[in-house]
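Just so it is clear, A, B and C label the chains in written order, and each chain counts residues from 1 on its own.
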Amino acid sequence: MNFPGNWNTMQLDAQGRLRHFLTVEGLPRRILTDILDTADSFVVVGEQPVKKVPLLRGKTIVNLFFETSTRTRTTFELAAKRLSADVLNINVSTSATAKGESLLDTQKNLEAMHTDMFVVRHQHSGASHFMAQHAAPHVSIINAGDGQHAHPTQAMLDMLTIRRHKGAFDSLCVAIVGDILHSRVARSQIHALNTLGVGEVRVIAPRTLLPVDIESLGTRVFTSLSQGLAGVDVVIMLRLQKERMQSALLPSEHEYFQRYGLTEEKLALARPDALVMHPGPINRGVEIASSVADGPQSVILRQVSYGIAVRMAVMSMAMGRSPGARETAAKEPE
Amino acid sequence: MNFPGNWNTMQLDAQGRLRHFLTVEGLPRRILTDILDTADSFVVVGEQPVKKVPLLRGKTIVNLFFETSTRTRTTFELAAKRLSADVLNINVSTSATAKGESLLDTQKNLEAMHTDMFVVRHQHSGASHFMAQHAAPHVSIINAGDGQHAHPTQAMLDMLTIRRHKGAFDSLCVAIVGDILHSRVARSQIHALNTLGVGEVRVIAPRTLLPVDIESLGTRVFTSLSQGLAGVDVVIMLRLQKERMQSALLPSEHEYFQRYGLTEEKLALARPDALVMHPGPINRGVEIASSVADGPQSVILRQVSYGIAVRMAVMSMAMGRSPGARETAAKEPE
Amino acid sequence: MNFPGNWNTMQLDAQGRLRHFLTVEGLPRRILTDILDTADSFVVVGEQPVKKVPLLRGKTIVNLFFETSTRTRTTFELAAKRLSADVLNINVSTSATAKGESLLDTQKNLEAMHTDMFVVRHQHSGASHFMAQHAAPHVSIINAGDGQHAHPTQAMLDMLTIRRHKGAFDSLCVAIVGDILHSRVARSQIHALNTLGVGEVRVIAPRTLLPVDIESLGTRVFTSLSQGLAGVDVVIMLRLQKERMQSALLPSEHEYFQRYGLTEEKLALARPDALVMHPGPINRGVEIASSVADGPQSVILRQVSYGIAVRMAVMSMAMGRSPGARETAAKEPE
């Protein structure tokens, strides 16, 4: 996961506008706030009877998934269709690379078809970064999850959820609980929270599920859920990958739930108006009790709704970087 | 298959209009006739050069298939696209539930994305009923086949086929031939025919393929094809699932065809203008002779055409229940 | 591969316009030129900000793939969507035929749904020809590759690439290099080049990869790459199917590359402005060196771009055969 030095700046174009969205890391607060503001304006689109705006009409967006994820693919497909784009779903595990074609050749072939944007899910960290480095001038890359590195639209939908429910970030204490070590979501969340100036970021996990450099990311570490939850405003639970148990990093599901599962009793240690969040899909009774997941403090399903708005925001911002694009959309022939 | 008592009424909203379409059973004749009348108006759409109407523009329809059925999925996808809706195809066998997510969590997540309608195919009886019970206020559920329980759009396309070819229902004698026991189609057909006031419904099958309560459904039972076909106006052949043979419920395909296969000779026992129908795909030489399937009395392909119109009717009626929906569609921004 | 005598004429309607596009073989030069001229006009559509024209709005196009080919399916899907058609993707290996339905029954069922065009990929030579023979009057069939027989849109995109880079055909010498024997692309290319009046067509391959009747197709045969490339204007490399090596038709990849791989040294034997073409996906280091594939004479990615334009041309010509279709598209309700 050693990326070149231009990692932090290659996401912006010469005018400082978002071109690719690969990681939250290194993006200025101005861009993150712009994404949240734009997403706010798209939240209402999902609530209208006609849930469509013509912003990306005539654009072709490719969902290029090297890893199956129906849930993530669905949210991007919906976002693209509500922006009136044409969508191509390509599941690469069953296609070109089976014939031995390289990632670069796949990308260049699809670009030659005058596609405008790639939403990329890949099992290897840095895959979307690689594509961005090689992208044609008119093409944008959106990272929909790469290895254990980043999942930036997930992090931004979490930020939108927090901002819409809590207002400002600066006075908040946010705890992230669970498998920090293997979670691309957690890494992206920590970067976003720090950039947006949140008061305190806590991570709560067993030692075996914490990265070695975790303090250097600007977090306060707890190995006790009870201690970590004291006084927090937001609790973000992570999904426990069941594979971890088999690999002996963890004891049984039952024991994990005893120590790190979020129950009503544990939640009572946080502030009374604390939000409960989870990226989904949830493992009921493993990392979270059903009564909490479905309880009054849970905003888990709101996160899903805001996820569409955030993806619409990122897509339209990345495509709007050439000022002509939106203007043309307005005077399209049909 | 014990469903709660509100089964019969939960499909209608407070104004008595169709909201969900789960089963034909218990729906009033007024609703069935309304579906047929609406479908009649959509038949012409399929014959126009531009086969599209903007009724559901900006709506998101999810084809949620827990059982693969390309044929059924295709008809619903086409119907939705001709109504200008956006369509999401989700094959759940390869997606979220593989991660252990429950049906309810899948539904609630997709609802949170502001989807408007679920077209559900499921191997378990009552799955679409369960979803309707838990549906958000703005969401409609359409049953595209649940276990051995119901397949109501198939039954309604059969009714449309009969009405368009025969006019009124009251003087007709309709025979359903084949594996009544395992057929969700047959159950739905019997309910629809009785509600629409057909003169007589006959079922013709070997004893091993008849449910025990078959007479109570308002049918006349025959185990001889020759006797059962005498004087009928409509013959509906059912597809023989080849698995039945292996499970020893039936002798060989050859023997089945000898006794229950529809040949020209057998068909001659029915009225000279009798219609031959089949839900497809047909097993030529098993339940029906090719000369009959392709013969002058066969309306099997018309059924397929009418199937699109019936699905467009059900979808637009279910969505049109909030009067604002259609009005907004007319003044949509684009 | 014995097709009836009407093979050559059944592709045209009574007015001599393109109705089906099954093979280049036997089509008059007028039609091929018409395809190229129409495609020229679509090349610019791919370069506009809004890459959509309303020509086929309200038409339903079925991608009926009996063989998986994400790349080819993608190009047809994109072409159809840019013409504003509705697209159905049907992968038949996982659908109806698994239930034993015949090709004809599948076709007739989909036609009954008022679909307008089938884009067919099939492992058997003549499958699209069979469908064209049985097509309903309003339906068009486009061959997207049938067995080892033909792949006519690929051939036409190659012709468009040559014409746009070289102008006229009559003075050109074109060499096709590689597995001529098993290539449906090569057969279609040879017919197209001869019909368009190219100066000379050469085929370059080991004896084991040449059909016995190759000279009768109007080609000059070389078994030496160096001799065959001398003075040519266009080099078309074919993809080497790795299965051929296993079946003992060929020695190792390494030895094949030594004898028939296109390197910079070999390419220097052709004319200095010779084009390098390849239908993709390329096997780098097997039939072509990376330095050549990515070099200044390569137009491989332009071929991909032109492929969309050619498919849009063929689709709109086939649908435009009834003059009412385009007129109606212009005055569509929405």
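Definition applied: a residue touches a chain if its C-beta (ideal position, glycine included) is under 8 Å from a C-beta of that chain, and two chains touch if they have at least 3 such contacts.
Just so we're clear, the structure is a prediction, and the values are computed from it rather than from any experiment.
Relative orientation of chain A and chain B, expressed as the C-alpha superposition rotation angle, is 120° to the nearest 5. Taking shared numbers over all numbers used, the chain A to chain C interface scores under half, which places it in the different class.
Our note on geometry: chain A versus chain C, Cα centroid distance of 40 Å, whole angstroms. Looking at chain A, one finds that residues 57 touch two or more other chains. On the chain B side of its complex with chain A, the touching residues are 57-60, 86, 88, 90-92, 94-96, 99-102, 105, 108-115, 324-325, 328-329, 332-334.
By the touch criterion given at the top, residues 46-54, 57, 68, 70-71, 74-75, 77-78, 81-82, 84, 280-284, 301-302, 304-305, 307-308 of chain B touch chain C in their complex.
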